[in-house]
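Next come two complexes built around subunit A: one with subunit B, the other with subunit C.
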Partner chain A sequence: MNDKKIRVLVAKPGLDGHDRGAKVIAAALRDAGMEVIYTGLHQTPEKIAATALQEDVDVVALSVLSGAHMTLFPRVVDLLQESGMTDVLVTGGGIIPAEDAETLQAKGVGRLFGPGTATTDAVEYIRAWFTDRGVGRSTE
Partner chain B sequence: MRQVLDDPMDAGAELKAELERRRRALAEVEEALRQWEASAADTPQREDSDFSTVSGREIRPVYTPLDRQAFDYTRDLGMPGEYPFTRGPYATMYRTRLWTKRLFSGFATAEETNERYKFLLARGQTGLSVAFDFPTLMGYDSDDPLCEGEVGKCGVAISSLADMETLFDGIPLDKVSVSMTINGPAIMLYCFLLVAAEKQGVGSDQVRGTIQNDILKEYMAQHAWIFPPRPALKVITDIFEWSSSHAPLFNTISISGYHIREAGATAVQELAYTLKNGFTYVEEGIRRGLDVDEFAPRLSFFWDVHNDFFEEVAKFRAGRRIWARHMKEIYGAQRPESWRLRTHAQTAGVTLTAQQPHNNIVRVAYQALAAVLGGTQSLHTNAMDETLALPTEAAVRIALRTQQILAFETGIPNTIDPLAGSYFVETLTDEMERDAEAIFSEIDELGGVVEGIENGYFQARIASAASRFQKEVETGRQTIVGVNEFLEDDEAEIEILRIDESAGESQRERLAKLRDERDQAAVDASLEKLGAAASNDQNLMPPMLDAVRAYATLGEIRSTLVNVYGRFKEPVAF
Partner chain C sequence: MTDSAGAPPLTQPLQDLLARFEAGEPFALARSISLVEDQAEGFESLLHALHDRLGRARRLGITGPPGAGKSTLTSALARLLRDAGETVGIIAVDPSSPFTGGALLGDRVRMDELATEPGIFIRSMASRGSHGGLSATTREAADLMDAFGFDRIILETVGVGQSELEIASQADTTVVVLVPESGDGIQAMKAGLMEVADLFVVNKADRPGADRLKKEIGIVNSLRTGGPQASVPAHHGVDLSRKSRPTPPPEPIEAWDPPVLMSVASSGEGLPELAAEVDRHHAWLRATGSLQSRRAAAAAEHARIVLERAVTRRGAEAWRAWIEEVGDDAGLAGRSPYETARILTARICRDAQ
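And now, the complex of A and B:
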């Protein structure tokens, strides 16, 4: 297959240090055949957008358990748009009430995964996002 | 055994007969076990479990006296409150004093959290435990641009002495003990508390409470650090040194397994990493020239209480025995207070599920029972809604009532260490101790805890245990009710607490007012002295207290020290 592999940036924005979920997801996406870059902790939205651009990723997956999701997700979406990365999927997870997830989706954020999510759901969601758009990406 | 007889010949014969009787008794058990195993082998076993603990420890179907042949009551258990403290740190345990019911809480501003504290104290809570927001945990002021969106979200925002005074307004700091979950900037918040008490007329020698102050586990697991490990250890030793003469009632550190476990570690990793961190602090104090018996009695611990009931009880018991043995035999402590491990416990947040959240009440109750059977000195019970948001008052009330039911209705606190002597629990306790010792040796081979942190050893071990657990859940090897089994299509929604953005705004205003009203020259001079003390390797407590009295902010103190000590950069791995 000639398709490019799906490249994912897993990122921890803000001061929140809970990285268990981010690391488990990063490992699961890697094991599912994606190319995964993990930023490490305490990243600003600016730093995340810059890394996304530099690494030419297809997906930015944010992990937010600090309650700051309503500030951090839109900020990253806006910064990516400003850098011309309009076709990047911004998804993620954390402690995010359903109501907030809906509001964020209306602002261009993809699906958000909560506690108890199977990593396979996240893998399938990302794969399907590319298939649905007819974008050639592989995980082989 | 019987009393010694007068005639040595008779005594010899008596002894021989006794040994023969014991040998025969064990042979009988051995034969019975063999027959039982043979018949059990023909009976089908359930296929939905592999009969191991949540940490992957294999559990046998039955334990017998054959497992306890090397057991020596005095050596391995002793009486409660006596070396090696396996049965509990105090002689009479809950018959004298029940565990402290201490619920961790804090949100939004100091003013709102002060109201929640008064609510909890009025309902029978016996100590306070402060949850700070991420900016405070990382040592930033609420008005720092890095903190946008996070002020007051996961805890209360405290940027200066003024906020601390508001937090404890109307709460007498000589009566109510205060535990503060703070690590990177622990020394700053400790000074805020001591000066807030001073303003109430309460001297540092009367203040009771705890600062978590356990930086080593921050690098391993929770990640709220500021400085690199070596200067961070220096600052912690300053706190030990100053407090041993100025704040004798204060627990200067709470060496914590909780966060290590929550990040994914197994029960025995939690036990071993935490105790090894504790030994590292002891070694630092000794290296400073402090007498181990001067500071060791103020060290305290903090365990996670996870789902596997007996493994958790065994962890508490093994922890006390290991600590006592090392403190006495390796570090040469002379006072029993230095040998005795006192602990706080919290039910495992990571076991709560967002699915069918009411089930969490039951999980928490079982975990609380394990903590009490393990002999905890204080306990936080999680509220059922904490995987969704900070808890509502209604959810917190159930969590507190869970402890009160345990304390006053079940009869559990009547007898001390009731699981002692159980073939199973004692064997598990021994196994945990043995496995922890093997991990200590592995860490020693790396060069020690700091070296292990710097090369990412702990972080990698914990991440791989977390991934293994997740795979077990996804393959169904671990059943989690409501998550991968026994699902409901139509889940009852529960009410959750929402923290609005107003905390950030009101904190920015408060700080602007503070910066405007204080004596800036005094602040600058005090920070300069603090920086000089750091550069000259002096104890930071006296100049820090002066800076706090002048209303220097958290972020200003942080910057002053970062200029001298630098920042920590984590080795990233997944």
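And now, the complex of A and C:
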């Protein structure tokens, strides 16, 4: 009867108001059979972390187009760690130079997707990460 | 190995989770809801272990057609209750796609300002194939919030029509939210949605048609409850209150007449009145013993559902084993479906011993 679903928080932190990308990704993940929690624009890292905890998501996907990715991604990762959410994948997309993406990945952020990404790539990435990790949310 | 009440003992990881739950860690509540929602191994034992802690929270249902403003109203009401010192758990249900199983849960967009509020916990749930306006495990997720110690639990249904009325069997008080545009649908709704309301709210009441809708709800409602219709004159003005009529015996308990309130949830208008009416309804439930009888009926219904779930699970197991046994449908071909079912039922009963 185990009915495990991948739960993803799609959030749009920061001040830019461009949420088309986040919405497209949210819809693609939904259509891939995932449960997507969408929270709208202008989310603070604190809100994102609190939401991720309450919703017990497997994945936090952030869309950042404002250039503030070097601040926002690590902040969300730190807050999740602090609240004991150590098994959550933080991934996302936006206008993020390759070297920045590398730096962020060294800080515990997952793959970051740039403009022109096929939605199927993002879906496959999350699915693969989920499969690699095992059957999902453990009770440990 | 089972304990006296028949639930298998908790595994070590679940015992650890339970300890964190009892220590009041929000993470443990969130993870417990996931286990229940996924119907993961041992979830019923976890619920069983917390059963003695249930019954303190007041459960409020918010339902209504899509776009009526349920999330905004829920958010505004939670804010009000929180400011009055109460802690609030919110469960917001959105539909799953019947095709992909996926869901876009967007109720939090309207609850944004509550995201980091201590004392408020919001959980989005997908309906996962259930058709009653909630998901199969919404009641148990609410039980977890109750056990965790929230004063109030607000259950927000998917956008409903006439038949998704499960909420009424789970909430102490059910609020039906309508908007002026719902007016034309009232006649159609009177058989379903209208029957479960303890309170009506005409939301977006700053739009034209709100007063008319309020009046229509009042009429439909009094037709249903058989209450006096002050606004409707008797047919041809015939006086029906003849002295020769036997007077009906006075009702021992005053019946609840669902009030119709007006609100503009986005600005908070009408919300204090709503909170007050919810309290008045709760006082009525207590005074009349209805609270006890409603909750008893809900508990019985819950037990029936848990039984059904257990039987379904055993049935599915027996079926899988049977299919493996007979290989292809050649093994089924010689038997009528009734015979097959009888054989499997006998096996299920035997295995349950």
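Going forward, the second predicted complex is superposed on the first by the 133 of 140 C-alpha atoms of A that agree within 3 Å, B and C clash if a C-alpha of one lies under 4 Å from a C-alpha of the other, contacts with A are read in each partner's own complex, and residues count from 1 in each chain.
Please note the rule applied: a contact is a pair of C-beta atoms (placed from the backbone, for glycine too) under 8 Å apart; a residue touches a chain by one contact, two chains touch by 3 or more.
Note that the structure is predicted; figures quoted are calculated from it, not measured.
Peer 1: Figure out whether A:Thr71 sits in contact with subunit B (first) or subunit C (second), or with both, or with neither.
Peer 2: A:Thr71: touches subunit B, not subunit C.
Peer 1: I'd like to know which partner A:Gln81 touches here: subunit B for first, subunit C for second, both or neither.
Peer 2: neither
Peer 1: A:Gly40 contacts which: subunit B (first), subunit C (second), both, neither?
Peer 2: Both partners, subunit B and subunit C.
Peer 1: In the overlay, answer first, second, both or neither for which of subunit B and subunit C A:Lys5 touches.
Peer 2: In the superposition, A:Lys5 touches subunit C alone.
Peer 1: Output check: A:Asp56 vs subunit B and subunit C. Expected answer is one of first, second, both, neither. What do you get?
Peer 2: second
Peer 1: Does the superposition put A:Thr103 against subunit B (first), subunit C (second), both, or neither?
Peer 2: Once the two structures are laid over each other on A, A:Thr103 reaches no partner at all.
Peer 1: So, A:Ala26: does it touch subunit B (first), subunit C (second), both, or neither?
Peer 2: After superposing on A, A:Ala26 lies in contact with both subunit B and subunit C.
Peer 1: Would you mind listing the overlap between the subunit B footprint and the subunit C footprint on subunit A?
Peer 2: 26-27, 30, 36, 38-40, 44
Peer 1: Along subunit A, where are the residues that touch subunit C in the complex?
Peer 2: 1-5, 7, 26-27, 29-40, 43-44, 46-47, 50-51, 53-56, 83-85, 136-140
Peer 1: Using the touch definition from the top, list the residues of subunit A that touch subunit B in their complex.
Peer 2: 10, 14-20, 22-24, 26-28, 30, 36, 38-42, 44, 66-68, 70-72, 95, 97, 114-116, 118-120
Peer 1: Across the complex, what residues on subunit B touch subunit A?
Peer 2: Counting only subunit B, the residues touching subunit A are 134-135, 137-138, 140, 146-150, 153-154, 218, 222-224, 262-264, 350, 352-355, 387-390, 463, 466-467, 470, 473-474, 480, 482-484, 496, 498-499, 570, 572, 574.
Peer 1: Okay, in this complex, where on subunit C does subunit A touch?
Peer 2: Against subunit A, the touching part of subunit C is residues 11, 13-14, 16-17, 25-27, 30-31, 33-35, 37-41, 96-97, 100-106, 108-109, 112, 115-116, 121-124, 126, 128, 309, 313, 316.
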